[in-house]
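Here's a structure for you.
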Amino acid sequence: MTVTALLFASYAEALGSDRLELTLAGNTTVRDVVDRLRAMPGGSSLPAAPLVAVNQTYANADQRVVSGDEVAIIPPVAGG
Amino acid sequence: MTVTALLFASYAEALGSDRLELTLAGNTTVRDVVDRLRAMPGGSSLPAAPLVAVNQTYANADQRVVSGDEVAIIPPVAGG
Amino acid sequence: MSVRTAIVRRAIDVSALLSEVGDTANGATVIFLGHVREMNDGRTVSGIEYSAYGEMAERELAAIASECAAHFGVAHLVAEHRLGALELGDVSIAIAVAHPHRAEAYEASRFVIEEVKRRLPIWKREGYVDGTSDWVNAAGIAHEQRAEERQ
Amino acid sequence: MSVRTAIVRRAIDVSALLSEVGDTANGATVIFLGHVREMNDGRTVSGIEYSAYGEMAERELAAIASECAAHFGVAHLVAEHRLGALELGDVSIAIAVAHPHRAEAYEASRFVIEEVKRRLPIWKREGYVDGTSDWVNAAGIAHEQRAEERQ
C-alpha cells in the first residue's frame, strides 16, 4: 500500500521534501509512518512522537492508515 | 453658605430642574444636601441615599460640603 | 505609551481609533464596540438619547484609562464614549487597546468597559417603536449597593 | 447567525470585517487583531513568512468557529488568517465577534484565538534585521504535550 506523507516548515527542510509517497506493508499505523520517515536521511530531526493528522484530522499514533491516506507530520504550530 | 446641586436624567425630571442653588447652615454634609432636595416638590423620588459626587468626585454621605461646592446627585449610571 | 479618552457628540470613527493604537511594538489589539441594540428587555428600541454629567464623565473616563494603563501596562489605549441621539446600530462606545501580549490586551479592554458601566456618569433614555421612552437603569442594583457602601 | 472563516493571501480588511458582523441585534462587538511585532525574544524582527497546511488550516479554522458559535451562541463571527510574507505591523489574524452581551463576546473572541494558537496548522519563519531567520516555535511545549497525550 502507498500513503502520502506531508512535511511542513522545519520538518520539510530537514527531509528536503514537503511530500513523499511511501510504500508500506499492510497493518500500518501512524507510528509506522513516522518511524519510516525518521529512518530516512534528515529524518532524525523529527521527534519520535510528532503531532500527526491523517486526511486533515489530528490522529493518535496507533491509528490505522490505509492505502491512499494523506499523513501529515505537523511541526509545533505557530498561527495567530 | 451656598452649594450648587446638580440633577440628572430621571432626578432632574422629578425636581423639574438640573441645577439648584441651595442655601444651607454651616457644618453641612452630603446627607444634609440630599435631605434638603428630598424635602422639595418632586424630591421624594430621590432615594434616601443616592450616589453623590462632590466637585466631580464620588463622595460618602457624611462628607463635609463647604460653600461653593458642586454637589451632584447621580442616578443609576447606564453608560457603555 | 499613549492613552487618550474622550466624550464626543459625533460618530465614533473606529478605523481612526485602530490607526491610533497601531504600531509595530505590539502583538495584540483588542477593540470593544458597544452598539444601540434593537431589543432590550423585550421591547423594540427605536433609538437612545445619551446624556452625561459631562465634565465628570471626562474625568472618570480618563481616570479609568490611567488605572488600566498602570495596572496592565498597556502600550496604547484609546476610548471614546458618544453622547446625544443615537440610532440603531450606532456605536456608543469604542475601546481600543494594544499590548505586546494578548491575555493582557483582553483583560485591559474588559477592565475599561466594566469600570465604564460601573462609574461613568452617563444616562440613557431609550425610545421605543410604540412612541414611549424610558430611562435605562441597567446598573440599578449595583448603584444601590454602591450608594449603601458609602453610607 | 452568520459564521465565516478564511485563510487568505492578501491584506486583511478590518473595516470590512466590522461591517460584516454589524447589525442592530447585538449590543457588543469584540475584535481581536494579531500583528507582526518588532521584537520577539529579544531579537529585532524584520518580517514574518506565514505558511500552512492550507486545506487543513481552512477546515480547522471553520471547525473552531463552529464550536465557538455553538458554545457561546454568538450572533456573528468572522475570522481571517493571512499567509505569505508579512511586514512589521501587518495584521496576521483578525477575529470579529458580535453578541447581544459583552461577556460572551469577549469569551468567544478569546476562545477562537486560543484554539487557533493551539491547533491551526500554520507556521511562521521570522526574519531578523541581522539577515538571519528562524522557525518560530511559540507553542512548542503545548505541542509536545499534545503529541504525548496522543501516544
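Each chain gets a letter, A, B, C and D, in the order it is written, and its residues are counted from 1.
Please note the rule applied: a residue touches a chain if its C-beta (ideal position, glycine included) is under 8 Å from a C-beta of that chain, and two chains touch if they have at least 3 such contacts.
This one's a predicted model, so the numbers in the text were calculated from it and none came from an experiment.
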Chain B to chain D, fewest steps along touching chains: 2
Chain A and chain B, separation of their C-alpha mean positions in angstrom: 73
Inter-chain centre distance, chain C versus chain D - centres from mean C-alpha coordinates, in Å: 25
Sites on chain A at which at least two other chains make contact: none
Of all residues in chain D, the ones touching two or more other chains: 34, 113
Pairwise chain contacts under the document criterion: A-D, B-C, C-D
Sites on chain C touched by chain B in the complex: 34, 50-53, 55-57, 59, 81, 92-93, 113, 116-125, 135-140, 142-144, 146-148, 150-151
Contacting residues of chain C [partner chain D, same complex]: 14-15, 18, 22-39, 88-89, 100, 102, 105-106, 109-110, 113
Interfacial residue positions of chain B with respect to chain C in the complex: 6, 8-10, 47, 49-53, 56, 58-61, 72, 74-80
